[in-house]
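Read through the structures below before going on.
Heads up, the next two complexes both have chain A, just with different partners, chain B and then chain C.
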Partner chain A sequence: MAAEGGTQTSSDYILHHLANLTYGKLPAGYVRDGQALSTDTWTFAHTAQEASDMGFMAIHVDSMMWSIGLAIVLGILFLIAAKKVTPGVPKGFVGFIEMVVEFIDNTVKDTFPYRSKFVAPLALTIFTWVFMMNAMDLVPVDWLPMLAAKLSGDPHLYFKVVPTTDPNITLGMAFTVFFLMIFFTIKNKGFMGFVKELTLHPFHHPLMIPFNFVLEAISWIAKPISLGLRLFGNLYAGEMIFILIAIMYGAGWALGLFAGVLQWGWAVFHILVIALQAFVFMVLTLVYMSMAHEVDEQH
Partner chain B sequence: MGLALISVALLIGLGALGTAIGFALLGGKLLDGTARQPEMAPMLQGKMFLIAGLLDAVPMIGVGIAMYILFVVAPGLS
Partner chain C sequence: MNINLTLIGQSISFLFFVLFCMKFVWPAITNAMAERAKKIAEGLEAADHAKQDLELAKQGATKKLTDAKHEAQSIIDQANKRANKIVEDAQQQAQAEAELIRTAAQNDAQQELARAKDALQKQVSRLAVEGAEKILESSVDASAHKDMLDKLAAKL
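Take a look at the complex of A and B:
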């Protein structure tokens, strides 16, 4: 993936480490490694340039694999815990899972005062899944890709390990929450209720409808975007600093040792950031859900 | 091309400045609140971390966009 031959400059290293493993369609006649492609070929992009040329019809295989994989691992973990749960005092693993569920349950009860069978499981899923995806950031940048490259024998195989550093994943989750907000608003307040909320909200006067609508539309659009970009920004910056530290390992003994200390320090701080961002994502989802379920003020 | 570098510096610098002041005030108020009512300390700390997480969004989005500018929009700079 990186420029072949010659010593790798640090910017090559950074650019190389920012490229997702993309699988997409290269149009016929696309010049690749010197020769043009005869037909539309679905293939893994070799360089970041090819990945961007694939345009819309391309999937970040690494983000998808890691996120779905972690979701399956979590599902299995919770399934095992659910099977082993006993009315008595929980031990070890089941105790830990119960602690997590209780923590989430208390937060949901504080933030979401309405009855809903869907919101608490949603909060649990979001918190644990986002936390697990973020926790992948603690694994040093090069370990897993190098391991995979050795196993698969293809020295150029590289993939980004942390799914949440891919804006598609975080914005995807944020916009799912956005559509859930719309769905629950319509379910609880009826379509007219939704329209009223958009047009009559701050100033309850028909003349002010355009002004209200602009105000409400902006605040509705800002929610998913800020929700998604917050998680993305934190993790992307965190991983960027890990990459910068990783460059220092290649620069001789003294700097390597210093980089080790830096990496340890930043990883410890990053544990707080990981948990905090997962918690904030969950709490904001709960706040948005409780806004959608709020029906008590009459218009 | 140099302008992109200036924009990156501004994005990260001003974002960090604002957040630093914000966190300092937040921390100060937490200590005031805890001093006034020590038994409320855990709850106050929980709320502080929640708001710290929310506050973190602004500079982090700035840093995210700055990194994007630095490495994708103008890769020649780094």
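Take a look at the complex of A and C:
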């Protein structure tokens, strides 16, 4: 269980694990620790309530730190591989990266039959990055938060390690994909093509334009939301189960042992989820990109 | 579960990471891989060529070998013929020479015989004269009776 132990209840423990380290703006007049703030203040949220009261003007420092940190690690690995790669015999680490690249390349060729310099690297980025972010779930739930609490000196520090259990991260990526989709649709079919796609699609008749628009708008907006929430939901549920298992460690050695077995089992199963969700996110992105490149009219 | 600036932060870092991969990672790796694939294809093709060449060379070699064998055989045959002829010639020559030597020897022998006969006649005639001298108890003038003696010797 968490560092401070004793007085903490299970629900406290869970809630603590589910809150992000939030840095944001509290508005003037906000009552904090019994005192009203005189001006707008940028600060770390001390409670989940404060974090939610910060509204949109806040940032999850832990999520951003881990996602960017992992991106940098990946970027450095990729850069080393790109520097070392030769047309000769591939070996060791470079061979592994090449294997990943080839896997992505094959998947892209299968799902995205158009020429694009952008889409394959996009797929590579999504798969590897989401995979890395998901893989943070396999680190036992208390290790990194406790380390962070020790380093910062604040035992109550909120610290979430798995960026993909933060809907901001998954939806951020999903909406980027969504805007890329709109961008490529307009680029390939022209603005009027995009408008036509939205208005003339299921029923090709002038009177049906409003109906079509409502239908298409919903189907368009559903894409990024389902894309982002699918990843978030899977990882959030997985994290939740890890947290629930972790609670059992505080309930005697018999249950603790049982929890160890459970955690091992769930981690093994979770490896599948990690890879699968990264793959699904990539393939759906490819499908959406493919739709945006599809020039021939279908009605 | 709050939606906030993290969304935008993640979008921006996502785009940066994609652009980074697009610029520095993907082309380098895929180009190297494509180049390798080309190299391997070329290598395989070269190997096929080499195989064909080897086959051709093998065929050439066996042809040359059989040719050489035939040639050698013909040379051997020729040599045999030649040798036989030489032996034959030599035999003939030897026979001829032997004949020659034999005739020469015969001639020699005949001459020798004639000479011996001659000498014998002379000796006999002298012996006859000596004998006659003894018989007559008088010396016969050899020169006076030479004609007679010669006739006697020729009769012997």
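General remarks:
The criterion applied here is as follows: the second predicted complex is superposed on the first by the 281 of 299 C-alpha atoms of A that agree within 3 Å, B and C clash if a C-alpha of one lies under 4 Å from a C-alpha of the other, contacts with A are read in each partner's own complex, and residues count from 1 in each chain.
Operating definition for what follows: a contact is a pair of C-beta atoms (placed from the backbone, for glycine too) under 8 Å apart; a residue touches a chain by one contact, two chains touch by 3 or more.
Everything numeric here is computed off the predicted structure, so don't read it as measured data.
With both structures placed on the common chain, the touch criterion links A:Leu15 to chain B but leaves chain C unconnected.
Looking at the superposed arrangement, the partner reaching more residues of chain A, out of chain B and chain C, is C. Contacts of A:Gly172 after superposition: chain C is touched, whereas chain B is not reached.
Of the two partner chains, neither chain B nor chain C is touched by A:Thr43.
Legend: residue contacts after superposition of the two complexes on their common chain; A:Leu229 is shown touching chain B, with no touch to chain C. Contacts of A:Met64 after superposition on the shared chain: chain C is touched, whereas chain B is not.
Of the two partner chains, chain B is the only one touched by A:Met240; chain C is not.
Interface residues of chain A, counted against chain C in their complex, comprise 20, 22, 24, 51-52, 54-60, 63-64, 67-68, 71, 74-75, 78-79, 81-83, 85-88, 90, 97-98, 101-102, 105, 117-118, 120-122, 124-125, 129, 163, 166-169, 171-173, 175-176. Interface residues of chain B facing chain A in the complex, by the touch rule stated above, are 49-50, 52-54, 56-57, 60-65, 67, 71-72, 75, 78. Interface residues of chain A, counted against chain B in their complex, comprise 10-11, 14-15, 18, 226, 229-230, 232-234, 236-237, 240, 273, 276-277, 279-280, 283-284. Partner chain A is touched in their complex by these residues of chain C: 1-11, 13-15, 17-18, 20-22, 24-26, 28-30, 32-33, 35-36, 39.
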